[in-house]
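Structures given as structure tokens follow.
Next, two complexes with chain A in common: one pairs it with chain B, the other with chain C.
Moving on, here comes the complex of A and B:
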């Protein structure tokens, strides 16, 4: 079991991730914006952050920069509906980049992969 | 191929503190340290950029950058800035986009400015140090990089084996693909095939494919490393079998031995300056095919006076010396020295083997030998510097080789 922070401005998606990833055996914390996530990270250290990019105000790219500036070893998966950000150099410091789709197979696989590379999970 | 440098973004790392050049770097960044009377150290790299045809340039500044900024804006903007036709030089102080620290290493300096690479989207990036003295055509290096289809090309030059412990040493195959990289190896440095007394040293000049650069520095930024090209990025790339090539320095200085100096120490700095006053200097400032430019304020021509007085001892003269405009040798004697603009050497004073920076005034009957006198210092009448090591050590910094350094605007009595 790993502690995951899921950051997404879409309420329905947050609920979907919470349910599906809890079923995988993870402990889920939700944040609805970049600033909310950074606020949470002031006092907590999850094993992995799953970060949406397109959000009002601070987007996921800016939030990624701030998360890594605070803790460069924090694993982060960018999870976005758009593949275009993949070319953006600012996203290249993330551990993985997942394009959102109807089912969460790829996201779950990436979570396992990243946790494994950090010596977490099975 | 002709426009190879148009697709290349040039980044000059000009943020070095130059601690070993203290006190010359007390009030200025190392690239802004004056050199050869009218130049500053960064002028040599910028002249190379201009002569090579670099079109898009960023100068990354950091510590004590005021005089460097001023020099770049006043002296160099006019050569590089035609943004409408895609030619520009921007000065970029730390933006603190990725954190609140100063640059942790050379690779971190680029990583902290990844936003600029994202906006510019060049095909490749030429990374230069702003504090080395040499002449090189970067377009030729870029052509070699493209021909080799390399991810990274590192400029290198042959050095004697006993200097290997101060430099990054490359092991290459016959096609100059790098098969090993040792940063300042303490023993057994890789020697040049067929030349067991010499090694290939990195000159700190890199051309990266942009994607390879960004991928590497983004990964490196997440690690506990020194965030340095020589210590981390290049060894990693070589070890992982990436296409990393050496580019053998072709010296535009056109002398028998290739000239490249990292004037990192006071003695090295002194010697590189003193080379210029010799009859046939190793470093050629006079080649119109590879001009070295700078910014200098306009002053009246240099002047030498008091021959008319009939007093031979008061006949102002300079021999085997560089004398800049605005200088007045007013009845003093100057031998093997560099006089920067607005220096004044007064009657009966004797200056030998010294570097006098802008506005230095040598009082009557003063004797100055083997000294670097920084800007604006007034040497009082009758003062002796460079003749009595013990007394010099009490008042000034004296280098290992006995050169006396008087800091900028130091008040003397």
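Moving on, here comes the complex of A and C:
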């Protein structure tokens, strides 16, 4: 079981992740924007951050930079509707890049993979 | 004045013996005298000097040093008192001593004692005598005074006469019968530069050097002296010292002084006057020459309109036309009425009038007339009128030429239709009297083919047609602009020209300098030909084609490059081509060349424009593709989120269909997300659908009000205060109800979205010039500055759930309406969106185009 922070501006998508990832046995915290996530990270250290890129105001890439600036070792999975962001070298600093899909299998697999590589998985 | 008149005579009795004195006073008093008494003669004399007495009665001897005789002598020695009679009264007087009394001036002597009445009788006689004497003395004195006055007057008169004589500018002389000068006044002396002493007594002839004058003068003096005959001479006098050559008027008049015949000679210096007269005479004859020779017709008419006088120019110009019947006939010959002459006679006004006449040769002549009243006496109506007529054809032609150039350049700025322009240029050369050529041809340079080719031609094709045109012209004077209007009324392009049809295939190779047209272009110089048959420059082909003996060929040059050649002639009228014409043609050609160049440039520009349009269409097309790509990316993204959500929850439901509560929750989210997808699709459709507005004239206020009402409840719920401000005078506007509603709905929704914590929303309509305005103002968060220039771009949004299409659709709708949308915003205090729709206008081009496409 791991502590996950899900950052997405889409309310229903947050609800989906909360429901499905909870079923996987994780403890889920939700944030609806980059600043809200950074705010949360001031006091908490989740095991993994699932970060949407396309958000109004501060986008995921900017948020990623700020998160890593604070804690270089923070595992982050970028989760976006666009595959184009893969070309942005900033995204390379994330642990994984998952394109949004109704099928969460890939996301779940990446979560497991990242957690395992960090010695957190089972 | 001593003595009394009209009252009782007063007598002074001087007697040393008191009793005698009293007795005499009594005697006289009884006889009507006032008798005063005095015992001392000296005192008596003093009294007489002070008081009025008519008679002195005195004794001879007195005890004092003064005797009666002395008293009498003293009294008589006073002129004022001498008239007072003195009567001695004495006794014992010898005859010798009586004698002595009378010598002393006594008037009477009475010896004492005398009979009582005697003294008074004598006294009365003496008083009367005394009065008589006093009157005589008085009279004599007055006469003497008068004589003295006359003497003064005479002196004055003499001085007066002398003043006059010396003040006269004329020299005045009095001569005796022998011609000796008796008197000469100052002017004469100054004429001679001599003193009076040197002149008086000399002979007049001494002062003249001319014998003929002396002889004539002597004869005149003789005539005056012997026959009393006055005479008058004008002579050039050569005085000894006076200025030489003085012209003098001499007047010789007989006068008589103290019974002697003398001669008065007046010499007047009339040199200046005589010279002025001569000059005047000269001037007058000069003026006459000028009046006759001047290039203006002068004519004097009487009130009866009969011609009184004309100068030679008038006769030359209008010759027989006036003759006997007078001015009216002249005018009617000139096809004019004389109404403009009337005010000259009735009101004394100077009149200006101009007219033009076509001569039988088809030439138009202009006359400018000034009519001035001629009065014989100031303040009286004019007796005659002077009419000064100037031939201003030259000036008018110049004016015409200038205005031709001006009109042309004006026209050239307006027209860019090459065909019509060519025609107008040739019209300028042929129509009117500025250049007035019979025919004109335009050749234009074709750079590709290196030739000059016939481009246009204007003019009659036969002599008959030429004469018909001239007749037309003289009956109705048409200006260039009239002609141009005529052409324009016939539609675009050059009007048909039979003359052009004859030469339209004529072209000259620019490599062939033997052709005059080519030579004109190559040399860039006008070519004037006066005898085509003998001129070696003219080819046989040219001669056959154009047939004119005399013509001018002018290059059309722009920026030192020949663009064409203008060829003109007077084939039918045979009017010689003057230097003036060539000069004007050159000037005109510069203008025309510029215009042709302009039109060509414009045509080329139009071609380029078409190319540009084509290129732009392609760009637009590729931009559309880009937009489609952008939209695809956007749609992909926007769809991916709801799709992922729907798919995720659907899988969750499939995985755990037994968990009813969760299934319901998930299904609700799925439904929400599908609605979201539908909305997205609608937005995309709104934007991409080529939806032409359905334009109808309608009440914009009503629509705004309806939208406002629609939103009122929702706004209240969001704690937003709504405010509506409608301009009731708004005119009806043409717009698509549904689309404008969509615009306003969008604006109101945006406004509400910016006021999450409540606020105020205001909708306003107003007229602004040719536009109506609908403004939506909120007190919301305002538009961040960094997105302001992008807010109308599609797919641009700041809202978490926005499609980014709302304002893009708004902009598209207003563009389709020919309207405008803009905004002002202040971060933190609010935003105003202003939508403008035009009031009067043609349907917007896109709408019209779409409508046309749809109809097709």
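The rule is short, and it goes like this: the second predicted complex is superposed on the first by the 122 of 122 C-alpha atoms of A that agree within 3 Å, B and C clash if a C-alpha of one lies under 4 Å from a C-alpha of the other, contacts with A are read in each partner's own complex, and residues count from 1 in each chain.
FYI, a contact is a pair of C-beta atoms (placed from the backbone, for glycine too) under 8 Å apart; a residue touches a chain by one contact, two chains touch by 3 or more.
None of the values given here were measured: they were computed from a predicted structure.
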Side-by-side fit of chain B and chain C on chain A, or clash: fit
Partner chain in contact with A:120 - chain B first, chain C second, else both or neither: neither
Which superposed partner A:93 touches (first chain B, second chain C, both, neither): first
First, second, both or neither for A:101, with chain B first and chain C second: second
Touched chain A residues, chain B compared with chain C: C
Chain B versus chain C as contact partner of A:10, first or second or both or neither: second
Contacts of A:38 with chain B and chain C, given as first, second, both or neither: neither
Superposed model, angle subtended at chain A by chain C and chain B (C-alpha, nearest 10 degrees): 70
Chain B versus chain C as contact partner of A:69, first or second or both or neither: first
Nearest-approach distance, in Å, of chain C Cα atoms to those of chain B in the combined model: 20
Chain A positions touched by chain B in one structure and by chain C in the second: none
Chain A to chain B touching residues, read off their complex: 65, 68-69, 72-73, 88-90, 92-93
Residue ranges of chain C touching chain A (in the complex, touch as defined): 633, 636-637, 640-652, 662, 666, 669, 672-673, 797-800
Residues of chain A touching chain C in the complex: 9-10, 12-13, 15-16, 19-20, 54, 56, 81-82, 84, 100-104
Residues of chain B that touch chain A when the two form their complex: 97-100, 114-115, 117-118, 214-215, 218-219, 221-223
